[in-house]
Amino acid sequence: MMHDAIIIGAGVIGANIARELARYQLDIIVLEKNLDVCEGASKANSGIVHSGYDAKPGSLKAKYNIRGNKMMAALCAELAVSFRQNGSLVVAFDAEEAIRLETLLDQGVQNGVEGLRIIDGETARLQEPNLSQNVTAALWAPTGGIVDPFQLTLAAAEVADLNGVAFHFGTAVTAISCTNGVFNVETSKGHYAARIVVNAAGVHADDLNNRLSSHKYQITPRKGEYCLFDKQIGGLVTSTIFQLPSAMGKGVLVTPTAEGNLLIGPNSVFVDDKSDTSTTEAGIRFVIDKAKQSVDNLPMPYVITAFAGLRATEKHEDFVIGEAEDVPGFFNALGIESPGLTAAPAIAQDMAGWIAAKLDAVPKPHYDGRRNRQPSFESLSVEMKQAMFQKDKNYGRIICRCELVTLAEILDCIRRPLGARTVDGVKRRTRAGSGRCQGGFCSPRIIEILARELGKDLREIVKASEKSAYLIGLDKDLL
Amino acid sequence: MRETKNLTCISCPLGCQLEVVVEDGKIVQIANYSCIRGKEYAEKEVLSPKRTITSILPVAGGDVPMVSVKTSEPIPKAKIGDCMRLLKDLKIVAPIEIGDVILANICDTGSDIVATKRVKRL
Amino acid sequence: MKKDIVIIGGGPAGLSAAVAAHEQGITDILILERENALGGILNQCIHNGFGLHVFKEELTGPEYAQRYIDKIAELKIAAKLGTMVIDITRDLRVIALNETDGVLDIQAKAVVLAMGCRERPRGALNIPGYRPAGVFSAGTAQKYVNIDGYLPGREIVILGSGDIGLIMARRMTLEGAHVKMVCEILPYSGGLKRNIVQCLDDYGIPLRLSHTVTKIHGRERVEGVTVARVDANLKPIATSEEYVTCDTLMLSVGLIPENELSRKAGVALNPTTQGPLVNSHLETSIPGVFACGNVLHVHDLVDYVSEEAALAGKFAADHVKNKDTFGSGIAVSCGTGVRYTVPTTIIPDFNERTTTIRFRVDNVYHNHFVSVFFGGDRMYHKQKRILTPGEMEQVLLPKQWFANQPDTKTIRVMLEEE
């Protein structure tokens, strides 16, 4: 069967391109090698909606950052995704660094960032009481924001799905070729063909491009490690606190997350292995030491987890967006590292526009871009909680004690479009298991619910990928 | 035959490292104990070490799928493995009361496998 | 809804508090339990060794729990199961949720906190490496093996030699898994000697003292861990690193009293125990709110939980009957070698024959004296052959001491070499 377009990769870029293309009367399919959306670079990052002072003027990063930032609030409202424009501060610790803030400010103005202002240390501390006493000045960027990267990806994918885009998970591309304007894509689940291929393959996007195009790219994954803190101290800072950027990226930040935790990180280390998301002792120590320079009173006992993600750094250090010159119909969204999350809606808008034009696509009359999502039960008033319970008794059953996630919410996240099939999938959709006990209490319960809902045995339920089952057998099986 | 056995006394947190000399199946010397409880423990532990074993077994038709069980009396340490293997294929049916004998005289130890949990019939 | 006493948690502490309160003549009691059965964590502690103090016989966890559950049934004390308390207010309103009633709003005259504790997760340790399936806290693994009947792994490395870790080493072995080693970062185990002998030595499982796990390997499921010896400052020694193949890492690295609700209510907590600060009536900083069991401080024996909780139940009943308020009382402070005491203030109570101070020491001490000072006067001085952080200690203060020294302003518990 011939599809109009195949999107390879269901990260934040692929999902948003799918959402934009779903506006048209096209047959679109998304191939994702993992079992869920948002399993690669989109999953493990800072979740920052950058204001855009950091990107080199004239670069695609600058262009899409500024546009994406402006789109984010409306998009998140439409998709019911947590987003907060909390502003960001870049802090300087001495006179020399303070001068560099000026440079950053100039660059931001050139890029078109609004509202940038340099404030002195005292003013910054009035705004952020836990900011280090050593901060002498700061660049205030009111348009900076925070978003939940998983929700942004999932929501876009859900809307795409509801408007007719098909998602095939556990489907890894093994070979790709193009003959007479038709792309033949071989995968772990069989053969696919399409007139258009969108390369949204994250850290693997160079491999995919290089199989088809003579214009070669090279992505070297750059690891970033993070520590996530308990919600109890999510209010340590209200805005996102950056240090001055260096050649290795934007430096270690301290930020509240859209879901109310506190996050510190990342470091920046090039790695050889495109699947190396391991944390290291040195990396975590670096992140903690750096974060402690920015804020006082960082309460280390409240760390609930550490994680690492990979940035898809292309050697020319800019995004590669658009149709490959020597492969008509092959569209790259490649080298999407920071500010890729911010840029995603704008990149998707352009990519979908170009593809629709190329296919002479006609808009769907009944496209609905809104996503219907209940606010979390925990956030409701007592009266609202009772009202929800009256509608569905499953709201009376708390499954995750730390984040107060109910059975009703867990069932919904499994049953809705692109529903959770893994324990991590439930966790990222509902936050069950992402609190301070890290699933110690609820993971056995979630495994049970998933097994019941999916008609499987407990032993078949996995954490994230096919070989990540929790239980290996019954008691005494090995006797 | 004379042999020396070393064991840790469990009577208190001191954990005295007891040294017991056994000759022809009889204790001829106990050293390094610091109280009478330690000496008694050494005698018992060297001549006939016994343990209470606990496990769980699947139950058909109950309000819960598994029932916890134990040996009614401690059994010789050497028979623990055999005892566990015997439990492997046991099938039991609700209702079950605490103390119900699931398997009598397991491995000829004189000890029974008894339920330690109540399971109601559904 | 109105209740004289609301007890939060139907584990050993909550059950014992309920029985004791009832014995004082208060019958309008409600126990709120989040699981579908009473008994709490005892239900998954199927091993024996419980009850030697309280019942003078050796029971398994479920049997111990059943004694109290039967008593609750006999006294017709009400309990709501499958009910999660989501809020407690300063004026003793308890908000809970279940599948039958929806949101419950209960005004209590006294509240007994008996929520127990939870396990420290991996995140708190920051073990580097991947985040695959196969990393379990020992209590979670215990639920799989002892309640559900499933094995979480074949080849196990256990980090932490607390009693749960030791008990699980034996359980996993008996059920057919291979426990390769137990690593303990400290130079001594916090577990009972009996458990080291009967759970590890019996099965030839090595206990690696002064060792920790420095890396978790495996992207999907655990494939191995790096184990290293630690120096005197508990820092891993790189040259001692060793790769151990396993599919499961089980963590038994400490328990934390579960005080999210107490915090919401505004109960003052002790940073050392992470449990509420209480006076000798086990009353927290909020009048009418009492605490007992592992939510107050982590115990090693359930028997002591039951004893402590019975006191909390009794004092909660007294509070309902008399509306007593006690003021601040005599401060109890920790001297040399004492990490914490429960209670932290004592209200001399001449109805009670003795007042119990429970405490833990901060290191292993041999042949030291436990001393209690009333102001400058040493009232108690007793030598112990051994004191370890893993074993809770207690001293009983007779009421005569308070009668004889009515002007005492502070009580100090400390260790002395002679």
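A few remarks follow.
The first chain written gets the first letter, and so on, giving A, B and C; residue counts start at 1 in each chain.
The rule is simple: a residue touches a chain if its C-beta (ideal position, glycine included) is under 8 Å from a C-beta of that chain, and two chains touch if they have at least 3 such contacts.
On a predicted model such as this, the values are computed, not experimentally measured, just so you know.
Relative to the centroid of every protein C-alpha atom shown, the closest chain centre, again from C-alpha atoms, is found for C. Just to note, of A-C and B-C, the chains joined by more C-beta pairs in contact are A-C.
Taking each chain's centre as the mean of its C-alpha atoms, chain A lies 54 Å from chain B. In whole angstrom, the spacing between the mean C-alpha positions of chain A and chain C is 39.
Centre-to-centre spacing of chain B and chain C amounts to 26 Å, using the average Cα coordinate of each chain.
Of all residues in chain B, those touching 2 or more other chains are 55-56, 84, listed in ascending order. Each of residues 475-476, 479 in chain A touches at least two other chains. In chain C, 145, 148-149, 175-176 are the positions where the chain touches two or more neighbouring chains simultaneously. Of all residues in chain A, only 475-476, 479 touch chain B in the complex they form. Touching chain A in their complex are the following residues of chain C: 34, 82, 84, 86, 95, 97-103, 105, 118-119, 121-124, 126, 128-134, 136-137, 139-140, 143-145, 148-154, 175-177, 214-215, 219-221, 247, 260.
Per the touch definition, chain B reaches chain A in the complex via residues 55-56, 84-85, 87-88.
Of all residues in chain B, those touching chain C in their complex are 7-15, 34, 51-56, 58, 64-66, 68, 70, 77, 80, 84, 98, 116-118. Across the complex, chain A meets chain C through its residues 227-228, 275, 277-281, 283-284, 301, 303-307, 382, 385-386, 389-390, 393-398, 401-402, 404, 436-441, 443-444, 458-459, 462-479.
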